[in-house]
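Consider the two complexes below, in which subunit A is the common component and subunit B and subunit C are the respective partners.
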Partner chain A sequence: MAKSIFLQSDNRKMHAGWLLLLLLCFIVQPFDSFANTSESRGIPSAAVLNPAAELWRDVRQREQLTNGTSQVKGVDSGVLINAYGDQWRKFRMQQLIPVGGYLLLGIVIGLALFYLIRGKVAIEGGESDKKLLRYTSYEQLIHWFIASIFLFLAISGLIILFGRPVLIPIMGKEAFSVIASACKEGHNLMGPLFLVALILIFIKFVRRNIYQKGDLSWLLRGGGIIGKKHVPSNFFNMGEKTMFWMLVLVGSVIIASGFVLIFPVFGLGREWMELAHVGHAIGAILVIGVIIGHIYIGTIGMEGAIEGMKTGYCDLNWAKEHHDLWATKAEQQGEVISNDKVSRLRDVSSAQSLGGHVQEE
Partner chain B sequence: MARMKFYCDPERCIECNACVTACKNENEVPWGVNRRRVVTINDGDEGERSLSVACMHCSDAPCATVCPVDCFYTTQDGVVLHDKDICIGCGYCFYACPFGAPQFPEDGAFATRGKMDKCTFCAGGPEADSSSDEHRKYGSNRLAEGKLPLCAEMCSTKALLAGDADTISEIYRKRVINRSASVMARGVSYRDASFRAPHSASGKSSAKE
Partner chain C sequence: MGQFIDGPLWTFSLSVFVLGVIWRVVTILIAGNRSDLATAKGSAGKGAIRTVFSRFVPERTVATRGRIQLIAGYLFHLGLLALLFFAKPHVDFIAERITGLSWSAMPHWAFIVSAEAAFIGLILLWLHRVLNPVTRLLSDLDDHVGSILVFLVMLTGCLALAQAFEPLRLIHLLLAELLLIYFPFSKLMHAFTFVMSRGYTGATMGRKGINA
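Entry: the complex of A and B
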C-alpha cells in the first residue's frame, strides 16, 4: 500500500517534470548541443517524443532513398512520398508556363518588329529568267512530311501546355477537354512519326549540313543582318546548319523523353517521367522558337526563299545572293536552266503524278 | 463545413491490406488500379512501420494545380474530386502528387493511360448522388448515405481514421496522450514503449536474428 502511494506520488512528480522538460525541449529545440546533452543524461528529449521523426523526415525529403515495400504491385508503389513531385509542379507552373509563354510571345513580337523595320528581304537583282534545281521531289516530300508533323505536334503540345490559362477562359472546360483530349491522343500517335521523319531528314541532308570554312565569318557578320551586304555561303548557310543540328540533337532529346512519357509500360518511375517532361518541354520550346524563325524567313521574311521547297527550283539571282558558293559552282557545272524549261518540266511531272490524265497541249 | 481527412496511425497499422481490398470491392475499381495501398518502411527490420496511403485530399492540391484541363474540384466537405468527363489521362497529376494517389487504367492499343482514377473519399463524383453513372465512373458514394469511407470504417486496428479533421485529430491526440501515459506508468521511454518487441525479446519467437 505504502509502496503504491509512493509510486503514485513519484509518478505525479515525474509527470510535472516531464511536462516542464517537454516545454523546455520545444523552446530550445534549435540548439542541438543542448538537446544532445539532455539525451546523453538519459532524459527524454523532444526527439524521443516521436521516435520515428527521423524516419519520416527521410521518407518525406528523401535525402537518402527511403523506399518501402507494398503488397500492391506497381511502378513506384513502394514509394511513400514522391519528394520530386513538388519540384516538378513548381517547374511547370512557375517557370515553364510563364517563361515559355513569354519567350514564344517575345519571339513572335520580335519578328513582327523586325519585319516592320527591315521589311521583306528582296532579291536585289530582281527575279531572273533562269533557275537552279534546289530540292528534288523526294527532298520536298520529306521536308513537308516533317513540317506537317512538327506543326501538328507543336500546336497540340502548346494547346496542352497553355490551354488552361489561355483557352479555358474563352471556351470553357467541356469544349476545351474535347480539344485537349484530341491533342493528347494525336500527340501520342504522331510523336513516333516524328522520329521517322527526323531520320529521313537526317540521312538526306546531313552531308550538306556539316560545318565548313566560312561558316564562322557568316556568324560573325550576323548572317547579313548587320549591314546590307550578303554573306557568302554554301548550299546551306551557317544559320540553316545550326537549325538542322538543333533539330537533330534537341529533337532526339524530345523524341527520347517523349517515348518515356507515352509509354508508362517501360516501367520507369515518376522521377524519370518528371525529368523526361522537363527535357521534353524545354527542348520543344527551344525548337518551336527556332522553327518560328525558320517559317518567318521562308514565308514573309525573304523573297524567293520558299520557291525551292514549293517548286523544287530557286531563282538564280536569289541563289547567287544567299548561297553564292553553291550557285557559282552549279553555274559552272551548267546546271542553270531557263524558266520555260522549268515550267515544262513541272507540267510533265504533275501530269505524271496525276496518272497521265492531263494531256500535254 | 467539415473538412474531411484521412489519418493513418503507423503505431497501429498491421499491414493487413484490408483497406486496399475493401476499397477495391466497394468502389469496383478497374483492373490494375488500386486507389489505396499499404506501404511498409524498413520491412522486416527494427522500426518497421506501415502506412495506408491514398489520396490525402490536400487543402491545396498539387494535382489540381498542374491539371492541364482543370478537372479537379474540392467539395464543400473538403474532398478533392475530379471529373472523368473532362480528364484526358495525361498523367501530370500523378507526377505532382506526393502520395502517388492518381492511378491510370491501361487504355487503347498501346496501353497508354486512360482516364485517371483515384480515391474519392467514398464521395462519388460530379454526377447526381448515388446515380448509376456516378457509380460506374467513380464507385460508391457513401458520404451521401451519411457513411464514412469503407477503408477506415472497417480497419481492424482503427489505424486508419477518416472523417472531419477536427474529430480525427482529437481521436489521435487522445491516443498520443494515452501512449504517453503508458510511458509514464511503465517508466520507459516512448521509443521502447511502442508496439513491437524490444531488443531483449528477440530470442525464441523470432526467426530473424
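Entry: the complex of A and C
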C-alpha cells in the first residue's frame, strides 16, 4: 500500500517535471530573438532592434520630449521622466552650490581683508555738534521692515541651499531635516512679505535714486573708498543707487520666481520650475552678496553711516564728507539743527507732547 | 520633555490663563465706579454700547496721523484672530483638547493670507514702537516681551506648518503655553479689557449726554 502511494507520488512528480519544462519552453521562446544577438551572428549591433531599449528611450526622452497620455489630468502628467531634471540637478549640485558658496565666502573674506587693510572709514573732521534730518520715521520703518524680512529669507534660503553640504556633517541628517522643513515653511510664508516691503521701498525712495549728474564721476573715482579723497555725491551716491536698482530689478526676478515655486497652481511645468529655481537662487546669491557689503558699510565699515537709519539724523560733517552736494543744499536751505535740538525733538518734546505722561511714569 | 509639554504644562498654562483672566476681569468689575449724583441727561447703557463699536472707526485726525498704526493694527489683529480660531490645526486642537466641539476651518489660501497679514501688521507695529520717539518712550519691557512672544508663537506655528516633525510642533506649543501663562499679567489683557474700558468711557459720557 505504502509502495503504491510512493509510486503514484513519483509519477506525479514526473508529470509535474514535464509540465514545468513545457512551461519554460513557452516562456523562454520569445527571448529567442534576443538570444540570437547580432554578436552571435556577426552583424553590427546598431542594426538590432531592441524593444526594451526603445521603450526606455521614450521613457527617458533622451532624443525629444514626448507627451504621453494619462488618466491623471495635470501639468506634465504625460511625462514619465523629464530629462531636463537631471541637467537641473547636476547644475544645482555641481555648479550652483559650490560656486555660489565660494562667491559668498569670498565676499565675506574680501571684506574682512579690506577692513584689516583700510580700517573703519572715520569722519575726518570728527563728529560736529550739528545734524541734518536724513530719514523720516516712515523711511526708517520701511527700511527696517525690508531688512528684517530680507535677513529671515536670506538665512532660511541659505540653509535650504547650502544645508546639505554644510550643516549635515555638523548636525546630522535627522536634525537637519527638522531645520530644513522649518526653513522651507518659513521661507515660503515670509516670501510674499518681501514683495510688500519692496513695493513700499520703491514708492518711497525711487525719486531719490534716479541717476543724475555727478553720479558717473563718483563711480569713476571708485566712490572714494579706495584712497583717502572723498568724492562729491548727492543724497544717494552711485553705489547706493545701483544697489537700489539691483534690489528692485533682481528682487523682482527673485519674487516672480519665488511665486512660481510656491504656487505651482499657475499651470507651469517642471521646466519652468527648474528655471525659476535657478533664477531664484542666482538672483538671491547676488543680492545677498551686495547686502553683505551694505551691512558692512553700515556697521563696522564707516563711522556715522548707520546713524541716519537709527535715529533719522546724520552728523553734518559726515554728510559733507559723503553726500556733500545734498549737505550743501540742505545747509543753504537752513535745515541744519543742533545736537541739543535733536535731543529735544527725539526725547523731551515727545514727552511734553504727551502731556507729561512719560515724566509721571 | 515632549510628554511634559503636551500634558502637564498644557493643563497648567491653560489653568493659569483661565483663572488669571477671570481674576483680572472680576477685579476690575468689583472695583466699581464713583456714583454720579447729577441727573442723567442720557442713557449710560446706550453710550457704552455705542462707544464699544464706534471706537473701531478712528477719528479722522487719528486715521491720518496714525495711518501706519491703524492699517498695521487691523492687519495684525484680524489676521491673528483668523489664525487663532479658524486655522485647521487650531480648530482640530481646540476641538480635541478643550471644547470637544469642532467648526469649519478656513481654506489653506485664507490661512496663508491671514498669516501674511498678521506678520506684516506685527512687524510694522513693533518697528513703529521702537523707532517712533513717542511710542518708544511710552513702551516698557512688558510691551516688548508681549510683542516678541506673540511673534515667536506665530513664527514657530508657521515653521511647523508641514506638520511632519514633532519637535517643531512641540516648540510652537511650548511658546504658546508660555504666552498663556504670561497673558493675564501683561498688557495683552487688553484683548478682554478693551470692552470694559470703552464701555466705561461710553457709559460715563452717555450719562452726561455726550456722544463720545
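We take it that the second predicted complex is superposed on the first by the 284 of 361 C-alpha atoms of A that agree within 3 Å, B and C clash if a C-alpha of one lies under 4 Å from a C-alpha of the other, contacts with A are read in each partner's own complex, and residues count from 1 in each chain.
Everything that follows uses one rule, which is that a contact is a pair of C-beta atoms (placed from the backbone, for glycine too) under 8 Å apart; a residue touches a chain by one contact, two chains touch by 3 or more.
All values derive from a computational prediction rather than experimental measurement.
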Which touches a greater number of subunit A residues, subunit B or subunit C?
B
With the two complexes superposed on chain A, say which partner A:K173 touches: subunit B (first), subunit C (second), both, or neither.
first
Using the touch definition from the top, say if A:S137 reaches subunit B (first), subunit C (second), both or neither.
second
May I ask you to decide whether A:S181 touches subunit B, subunit C, both, or neither, giving the answer as first, second, both or neither?
both
Contacts of A:M190 with subunit B and subunit C, given as first, second, both or neither:
second
In the superposed arrangement, which partner chain does A:K204 touch: subunit B (first), subunit C (second), both, or neither?
neither
For A:R221, select first, second, both or neither according to whether it touches subunit B, subunit C, the two together, or no partner.
neither
Is A:F145 in contact with subunit B, with subunit C, with both, or with neither (first, second, both, neither)?
second
Name the residues of subunit A shared by its contacts with subunit B and its contacts with subunit C.
177, 181, 184
For the complex, give me every residue of subunit A touching subunit B.
11, 14-15, 18, 44, 48-49, 51-52, 55, 59, 66, 68-72, 74, 76-83, 85-86, 88-89, 92-93, 160-161, 163-164, 168, 173-174, 176-177, 180-181, 184, 188, 261-265, 270, 273-274, 277
Which stretch or stretches of subunit C touch subunit A in the complex?
68, 112, 115-116, 119-120, 123-124, 127-128, 131-134, 137-138, 155, 158-162, 164-165, 167-168
Across the complex, what residues on subunit B touch subunit A?
10, 15, 17, 20, 32, 34, 37-43, 47, 49, 51, 53, 62, 65-71, 83, 85-92, 94-100, 104, 106, 110-113, 184-185, 189-191, 194
Could you please specify the touching residues of subunit A with respect to subunit C in the complex?
137-138, 140-141, 144-145, 148-149, 177-178, 181-186, 189-190, 192-193, 196, 345-347, 350-351, 353-354, 357-358
